[in-house]
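One chain, chain A, appears in both complexes that follow, with chain B as partner in the first and chain C in the second.
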Partner chain A sequence: MKPPAFEYLAPVSLEAAVAALSNEDAKVLAGGQSLVPMMNFRLLAPSLLVDISRIPDLAYITEDGDGLRIGAMTRHHAVEMSDVVRQRFPVLHAAMAHVAHLAIRNRGTIGGSLCHGDPAAEWPGLVLLLNAQLKTTKRTIPAGDFYHGALATDLADDEILIEIQFPGLAPGTGWGFEEMARRSGDFALAAVAATICLSDDRATEVRIVVIGAHATPLRLTAAEGLLTDHVSIGAAADAAMQEISPDSDLHASADYRRHLVGVLTKRALAAAWKRAA
Partner chain B sequence: MIKLTVNGTMYERAVEPRMLLADFLRHELGLTGTHVGCEQGVCGACTVILNGDSVRSCLCFAVQVDGGRIETVESLGTVDNLDPLQAAFQEHHALQCGFCTPGMLMTGVDLLRKYPLATDQEIREGLSGNLCRCTGYENVVKAIRSAVEAGYGD
Partner chain C sequence: MEIDARPKMIGARVQRLEDPRLLAGQGRFIDDLNLPRMLHIAFVRSDHAHARILEIDSADAAAKPGVAAIFTAPDIAGLWNPIRATSRMADYHATELPVLAHDKVRYVGEAVVAVVAENRYLAEDAAEQIMVSYEPLGDAIDAIANAKADAPLLHDDAGTNVLAARTFHRGDVDAALAEASVRVSGNFRMHRKTPTAMENRGYVADYDPGRRALTLHSTTQIPGIVRDALVEMLDIPGNRLRVVAPDVGGGFGGKGALYPEEVLVCIIARQLGRPVKWLSDRLEDLMTTNQAFDEHVAAELACDGEGHILGLRAEVIGDVGAYSVYPWTAAIEPVQVVSFLPGPYRVPNYLGRVRAVATSKTPTGAYRGVGRPISTFVMERLMDMAAAKLSLDPLEMRRRNMVQADEFPYKTASGIVWDRAGFMECLDKVASSYESLRRDQTAARAQGRWVGIGLASYAELTGLGSRIAVAPGMPVNTGTETATVRIDSTGAVSAYFGIASQGQGLETTLAQVVAEELGVRVEDVDVIQGDSAAVAHGTGTYASRSTVLAGGAAINAARAVREHVIKAAAHIFEADEGDVDAADGQVFVKGTDRGMSFRELARAVYSEMGRLPKDIRENIELEATRMYDPYFGTTTPASHLAVVEVDPETYQVTVQNYVVAEDCGRVINPLIVDGQVHGGVAQGIGAALMEEVVHDGAGQIQTASLMDYVVPTAAEIPAMQVHHLETVLPDNPGGFRGMGEGGTIGAPAAIANAITDALAPMGIDINELPITPERLFRLIDGK
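And then the complex of A and B:
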């Protein structure tokens, strides 16, 4: 279908964009790769779209100590192709291949993906895994506090996400990212991302995040605790299956998703362990 | 009023904000080579190249591309003088009904210009966002493989 009529503004400063968002039913337009399909389906009918793509300096990948700062308007494909991302956060690089298809990665932005908040999208899980901070026009929000539910964030109507700050990983951190989708580029049926730090062949710090199995990305703290208590990866994967309460939908039953999360957790942890130094 | 370059020609037009780029190309400019299948970003038939990158013209408003440079399937060859990638599609029987073909070609052009495409797996990944109901993809991959070997885009 065709989208309903709306007004359009393309301000060239954040201040002007924030001011425009005070209009009733105004919405930010970034890459449009989630918003436009929803408008074409007439699931959304904003009165005004505020295109933030003409605001200078919102698309960048900058080193910050051991960490990285990435501008909200940075396209998925720019992250995929970035050398510094590949060196410092190979898990981000690996995950990008699972975000939709090339033509959508060429347009879609990190900020758009985070603010849209699809339960099966990769970015919301990645920022939680990597303990990122989300900087907006009003404040800085820890990734763990950003979501209230599926497609629901803590942002105010006139608040714009501007930057994602990734703290550096401890040297030798191993990582794993495992996803299952029906076809390459489809939204995940489920995915599990993990990081592990080892000391004397024992896990000292473990983070495990699952997406697609819950309304928001979820840290699997019980499974994490088992690994740091030196229990096996298999036991941690069993715990992961018990920690989630997935829904059934058109694409997969709850039982299948639970099984999948067990398998993906095992694989992600094994990969992270192997890569940890 | 928006101004944009399509296949090397500059156009200036007044458009409603809600006009999709795909509809702008087809209805305003008469460039009906760009096909519209799903209007939700899934099928890839509407793929065009915007400022050097393949994009979905059904998920983009014409107003967003003010000042931009667009290449559509019409920028390739003509019936009498096919572009080498079009010739490869013909040679390898990479189309049947042809509905998906403009999107396959423009995605193919973007892939061939930017990536080594050393393996068929890379070609398949690159084409994963383009659905075809007829060919089974095998011959599309072969056509692009032959274009890689012929040095297309180098």
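And then the complex of A and C:
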């Protein structure tokens, strides 16, 4: 479990980093929490690592109107501890407790998690839920367009994610985040995140995202459409189960994952409903 | 300074002496050892479960930078004498223990080629270039299929895949079953587990050509056994072959056998004349460290109308993997399932049959608890099933059948003898909160919560003496340990042992024992262990033996030295020996202010010429070596109680509460006994809920990282209450019973019973462990 030899570069500007990435088999190194294990398993053998942690001003949490802009090098733990995140996007705050263990949250970055694109990771689902924009060195990509499949993003080889832009939530938006994992800190067997806006006890604006039950995070649009009043939570949860086509793996069969998505959708919607004003 | 003022070191919550070193990163582990000119090994390991090796092409690898040598099985033939785990047991077939696979591979992960290079990185780079071609020999991964007569043979020379078979028999089971008013039965399954010590296995061999001497630094639990085996294998005399276990980060049995890599580093170091290191990475550890459990048990229990056990029948198939491990043999794990199955209960009629079946998987060995986690799981499930059928409370069911105080010594249906120990007392102790827990459960059920309570009682034989071998018929004496206690010319006390600590706190407990007996302070005693050169014969740490055997030897040796301390001091003080005492590092005349430190005494004895007349001096020896043999061994009983809650929708299981009452005789250090129980229970919870080595149909290991092999973290382990009972043990110098494994023995059963209890309204029996959320989903969904 030792990686093959590689070159290492730690540029101090984005321009230099992008230039270095034009080398064949070059890879961005952020927190190293996903990349380095893959290198140790010799599943990846980049010839050059471009460490972006020395580039100034890539780690920040900044208010932008009602929304937030978060730098790609921001560590999970910084998000977890941020007051403004807790006030504006409590769902982000709540979800952070499910991202790995403290030691990994201290090193791992949002950008790394998003660019790695594990189907069971929280961040890819959260940016979809919150309708975020992903700003890179070349362009700005809507969250819904970022993934092509498991561990596959729309990024070019020499493109660096620099910022995630979260538009403000409508006042009174309720949220829910429900996850089932084998142990605390494990990747999700399945997780469901939801936001709801209410008007006269009717749902007006609903977003439901499922994690871990598909190659990419998935919006459950049929379930969203079925959620009208509180009673319809059950129907929406049933629809969620039909909307996904999960895989079986070592830890959960497709049937159990489907079952979990039903349970977690119900719980996430109930929690969101309760929190919505 | 009256005798009553003596500090009582035994029984004190002494903080572990090794912890400042280990917690501050000052421990010295195998990987901290870097010798000049040292080479590193990376292995090419089999990616087939059962195949013939056709060709190995290592030409490209040999040309890679930094590569010193490449070895295959033919390259080392003639450099070592092969060894087998022999046994006098009938119906046992020893297998070879290849150091590198030759002709055939028998499990995924078996070492085929060793690449030796200047560092591990270069060794792995070169290993990647080696091509091994195989001819598959057909699947041999299913133990039940492999037990059949026409199954493909894993070892042609054994002539069968059934490497060991045994039957335990008492009374007439058929008649007992026929007359019983209640019969319960089940097919029980305990899946395969792996020890996952925090530190992986690792070895450094250092050969000194000038002295023709070899030192092996090893993560082993059994330095003495490894030394003795290597003497045979390498033709190096024991005085030039030393096996040293430095600080070792956990073993749990996984480091308690002789390993191919351990032998190979020695062969290569001698051949190349340079030190050689191999340190397992986690992937190798999950593939190659001896694994555990993996039994299929069909069992039936019969009772009369009042719940008294009439008979018990069991048929066990143990999947022992590809080789019979040295020195314990393939019988060690599965045979204990049948020998301990009757548990702490009166079972008048018993028939237990076991077969240890070879499969193309990693060998199984002696993992914490050895067989008894399964025997306890099966028996305790049967007890609950019978209780349910009789509408009897599970606690009452146990009370009616447990061996009572007036029945000791009690010979079990399999022939084990229980000496007097607190069987019922442990059960009563965990039951003290039983009524109120049942009330809480009723209230929780009324709210729709799935809460369950599970009990498990067991007894085990620990600290085995020379009358009983740890594994049946094995040629290694596991029944004695030796200690040397020495006061040197500075008055410092050293105590030498043949055991080896992997973090259990033996440096502290043994120092407490020596300090207590000798009259010095705990911190004055240096405990030397984990070194085959420390004593003439010692076998190491396994089978809950170290405190019993090494502690007993320590008492015997320390008492012998103390006699001489008193004798010398009496002469110097011109007092009667009966008036001289030692405590707290001082030797003194009782009731006076005359005293001196151990340092002063040692100076007087060793250095200050003329202080003692020649005839007295020649009879003072401030060093003694003594042996201890518990002969049969000591009985350790315990009862466990688990409270679990199952999420009625996700089926996530949470262990809410856990109570243990155990009787390990005289407690040397409650802090350490608590720690051993906590760790054991944590591993038992892992076995019950999470940990499973999974193979696909072709024998490929699916759980090849700690993402997929799921070990509990602190977050999954509840706070525990541990009660200690201290039943007196006659004819035993310290009164200590062994207890290192017990937590792992009780927890799977208690949790299986608790979950079954939680699901009782649905009538679901938990007879397969680990009971993962997926398995619960299938059981509940199937209802």
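Things worth noting here:
The criterion applied here is as follows: the second predicted complex is superposed on the first by the 273 of 277 C-alpha atoms of A that agree within 3 Å, B and C clash if a C-alpha of one lies under 4 Å from a C-alpha of the other, contacts with A are read in each partner's own complex, and residues count from 1 in each chain.
The definition used in the following text is that contacts are C-beta pairs under 8 Å (C-beta built on N, C-alpha and C of every residue); 3 or more make two chains touch, one makes a residue touch a chain.
Note that this is a predicted model, so its numbers are computed, not measured.
When both complexes are overlaid on chain A, the residue A:168 reaches neither chain B nor chain C. Touch criterion met: A:7 reaches chain B, while chain C stays clear of it. Of the two partner chains placed by the overlay, only chain C lies in contact with A:189; chain B stays clear of it.
Within the superposed three-chain model, A:29 lies in touch with chain B and out of touch with chain C [touch as defined at top]. In the superposed pair of complexes, A:234 makes contact with neither chain B nor chain C. Shared-chain residue A:90: touches no atom of chain B or chain C. Of the two partner chains placed around the shared chain by superposition, chain C is the only one that A:253 touches, whereas chain B remains out of contact. Of the two partner chains placed around the shared chain by superposition, chain B is the only one that A:51 touches, whereas chain C remains out of contact. Under the contact criterion defined above, the residues of chain A that touch both chain B in one complex and chain C in the other are 1-5, 41, 101, 183-185. On the side of chain A, the complex with chain C involves touching residues 1-5, 41-42, 101, 180, 182-187, 189, 250-253, 255-256, 259-260, 263-264, 267.
Chain C makes touch with chain A in their complex at residues 120-121, 124-125, 128, 281-283, 649-650, 652, 690, 694, 702-703, 705, 707-708, 710, 712-713, 715-716, 772-774, 777-778, 781. The touching residues of chain A, when paired with chain B in their complex, are 1-8, 10, 29, 32-33, 36-37, 40-41, 49, 51, 53, 77, 97, 100-104, 106-107, 183-185.
Remark: chain B residues 16-18, 20, 23, 39-41, 44, 47, 53-56, 58-61, 63-64, 66, 107, 110-111, 124-126, 128-130 touch chain A in the complex.
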